[in-house]
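The two complexes that follow have subunit A in common; it is paired with subunit B in the first and with subunit C in the second.
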Partner chain A sequence: MTAIILERVVIERGPLRLEGDLRLGPGLHAVTGRVGSGKSTLALALAGGIRPAAGTVRLEGIGRRLWVGHDPVVHLTGGTVAAEVASWRVEPDSLLSSLGLADRARDDPFHLSLGMQKRLVLGCALAARADLLVLDEPFASLDLPARARLERALTARDGTTVVMTHADRHLPPGTTRWRIEGGRVRPEGP
Partner chain B sequence: MIALSGVRARTLSIDSLAIPPGLTAVVGLNGTGKTTLLEACTGLLLPDEGTILVDGLPPREVDAGWVSASPDRSLLFSRVDDELASPGRFAGLSPIETAARATGAAERAGAVRHLSRSVRTLSGGERGVVALAAALASQPTVLALDEFDGFLDRETLDDLIPAARDSGARFVLWSTHDRELTRAADHAIALGGGGVAGTGAAALALFDAWERAA
Partner chain C sequence: MKDPRLRLLAVAALSVAAFHSVPGALFALLWWLVFGRRTAVPPAVALFLGVTTVLAALAASASGGDGPSYLVRCGAVFVIAAHAHAAQRDGDLLDLGAWLGNRAGCPRAGFDLGLVGELALGSIAAAADDLERIRFAAEQKGSGPVSRWVAVGTALLFAELRRSRDLARNLAVRGYHGGGRHDPVFSSPIADLPAAVAAISVLIAAILAPHEFFILSL
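This part shows the complex of A and B:
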């Protein structure tokens, strides 16, 4: 069982202040909120990139945390698409064929379109099997079939998965929903 | 009219295409050439072959505005007010005219409350809104919005569709994966199979096929 628990946490970043008291157990969680509400800030705090100003963050059964930002380019380090996959310690051949990128293995990842770069980075992140995976706007830049494949991959994953998203129609049934409003992170819906 | 004929650019081939004035949604799966089409129509990319004319002029002789698919790559300056003033300053306008354009653009894009902020503190979606305002401040003839709606919530997007249409730009080319935006646009162009896969209702109908494929 994996869980990340935020106990009376206060996160401050620039003009933004967020409060939350939440437990994110195994499975898929989605955090929605309007533009500028603090989704990316919460993502960084969950991934350990920002230390809360108050409160505690506890991890249960979570060793490896992985964060993927909205812009795939910040994650690209490989000189070729295949080298990029290998840099995530993932075997390139089978991953690239499942992503529809087998014929681009020797290309510079910077020559891919933004949507293809996004598929590549998300595919690597999913294959890297982190206990906690935090994805900031993962559906942005993906076409509709790619969004549906991502939805299935997120549901099939072990561990705790958190997506920050505007595209809430792409969330599979069973997703635990949270919403940021007025500086507070709250559970949403039934 | 933006008239394309015999155009070959990267993986995209378009024998003949006419884009009327107004808001045009450009749709298609990843890697079908949406960004390439926008780049070619704004003069950022010269096609390998063929000609593109915007009301009879090559794209590089026509003022263009560009908002990137990646919100971090659209902004040059560290302050929002400097970003919005930059088109006027680069054009050598008077300070009064520069400020008037910046303020007008901020109002149309819904970016007024960000004016005194540092770009560093803006979220991804807010950067998109500011980038749209900066593009409007240059009063472009062709405004290209490259999938920037991917980072916007529904309410913000619904406000920006009329803002883009009424921006004063004669041609607004907006690449998107959003069906409602495509439906709301004046025209739609779908790319696929290395070229244009359909226009108008045929482009909109492809969303059904893509959802079935999903």
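This part shows the complex of A and C:
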């Protein structure tokens, strides 16, 4: 059983201030909110990239946390596509075949299109089997078939998955929904 | 200082004075204490600038140069730069460029100059966000310090190039072909005059100051 629990947490970043009491248990959670409401900041805070100004973040049954930003370029560290997959501690051959990138294994990942980079990074993150996976705008830059595949992968994943998104029409049934409004993260119900 | 014209003049004078000599640096710091508002510099940036300055000063000393002098002068330049950055408001550079262009009889060139300045400042803010994300992404993978900084450099360069290309496309799609017309309106410069006059005085004093009066002279 995995969960991340935020108790009276306050996150501050420049002029932005977010407050929330939330428990994100196993399964898929989606956080929505208008542009600039703090979704990306919350994503980084959940993954441990930002320390809250106040309150407590507790992890239950969570060892590895992974965050994937909306721009895949920030994640690229490998000199080739295969090396990039290996840098996530994932076996490249089978993953690249399933992503349709087997013929690009020796290419520089910076030479892939934005959509391919996004598929590559999301594929690696999903295959890395993190206990907590936080995805910031994962549906952006993906074509419709890739979005459908991502929906299925998110549903099938074990552990806790949190998605920050505008595209809530792509979320599968049963997703627990949260909304950021007026600087507070509130539950919206399933 | 609210008037960007006087602010730029003051910052230019203070920067030259601070780098010119140790007395100039001390006068510039005095100006900052009197006129500079409290500047909020992120601790990580302050630490980076401080460590860089100290290392450069040590290197200057080791190679026979005047390390303490370098330390004081560059430290003062960074303080003035931080003040200028904190005082900057959106649109200041566009106003300034357009005003210069209008006065010089080449409004389109002035508009372009101001626009380039605004875009450059915007990209600095975006690059700071990117830097934080790239560093965290590399940390998640357990990359070592050297490979982490190589990754940071590569990804940051690529992200900035792509942002520039996208921005250029957006401008072109919306019909921008270079140049424009803008008639900025500035608030009354009277309130900023004392600070501007003091900054010019600092520059004059730095050039004329008898260096032997100071312990840390060049």
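The rule is simple: the second predicted complex is superposed on the first by the 188 of 190 C-alpha atoms of A that agree within 3 Å, B and C clash if a C-alpha of one lies under 4 Å from a C-alpha of the other, contacts with A are read in each partner's own complex, and residues count from 1 in each chain.
We adopt the following convention: a contact is a pair of C-beta atoms (placed from the backbone, for glycine too) under 8 Å apart; a residue touches a chain by one contact, two chains touch by 3 or more.
Since we're looking at a predicted model, the values are computed, not measured.
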Task: Using the superposition on subunit A, decide if subunit B and subunit C clash or fit.
output: clash
- prompt: Which of the two partners, first being subunit B and second being subunit C, lies in contact with A:71: first, second, both, or neither?
  reply: both
Query: When the two structures are overlaid on chain A, which partner does A:159 contact: first (subunit B), second (subunit C), both, or neither?
result: neither
Message: So in the superposed three-chain picture, is A:20 touching just subunit B, just subunit C, both, or none of them (first/second/both/neither)?
response: neither
Query: Of subunit B and subunit C, which one touches more residues of subunit A?
result: B
Field: Touching partner for A:35 - first (subunit B), second (subunit C), both, neither
entry: first
- prompt: Counting only touches as set out at the top, which of subunit B and subunit C does A:44 meet: first, second, both, neither?
  reply: second
Query: Touching A:148 in the superposition: subunit B (first), subunit C (second), both, neither?
result: first
Message: For A:110, using the defined touch cut-off, is the partner it touches subunit B, subunit C, both, or neither? Pick first, second, both or neither.
response: second
- prompt: Between 20-28, 92-100 or 200-208, which subunit B stretch has C-alpha clashes with subunit C?
  reply: 92-100
Task: Determine where on subunit A the residues touched by subunit B overlap those touched by subunit C, and list them.
output: 71, 73
Message: For the complex, give me every residue of subunit A touching subunit C.
response: 44, 47, 49, 65-67, 69, 71, 73-77, 87-89, 110
Statement: As the complex stands, subunit C meets subunit A at residues 130, 132-134, 136-138, 140-141, 143, 147, 151, 154-155, 158-159, 162
Field: Contacting residues of subunit B [partner subunit A, same complex]
entry: 28-31, 35, 69-73, 117-118, 120-126, 129, 147, 150-156, 177, 207, 210-211, 213-214
Message: For the complex, give me every residue of subunit A touching subunit B.
response: 14-16, 32-40, 70-71, 73, 112-116, 118-119, 136-137, 139-149, 166
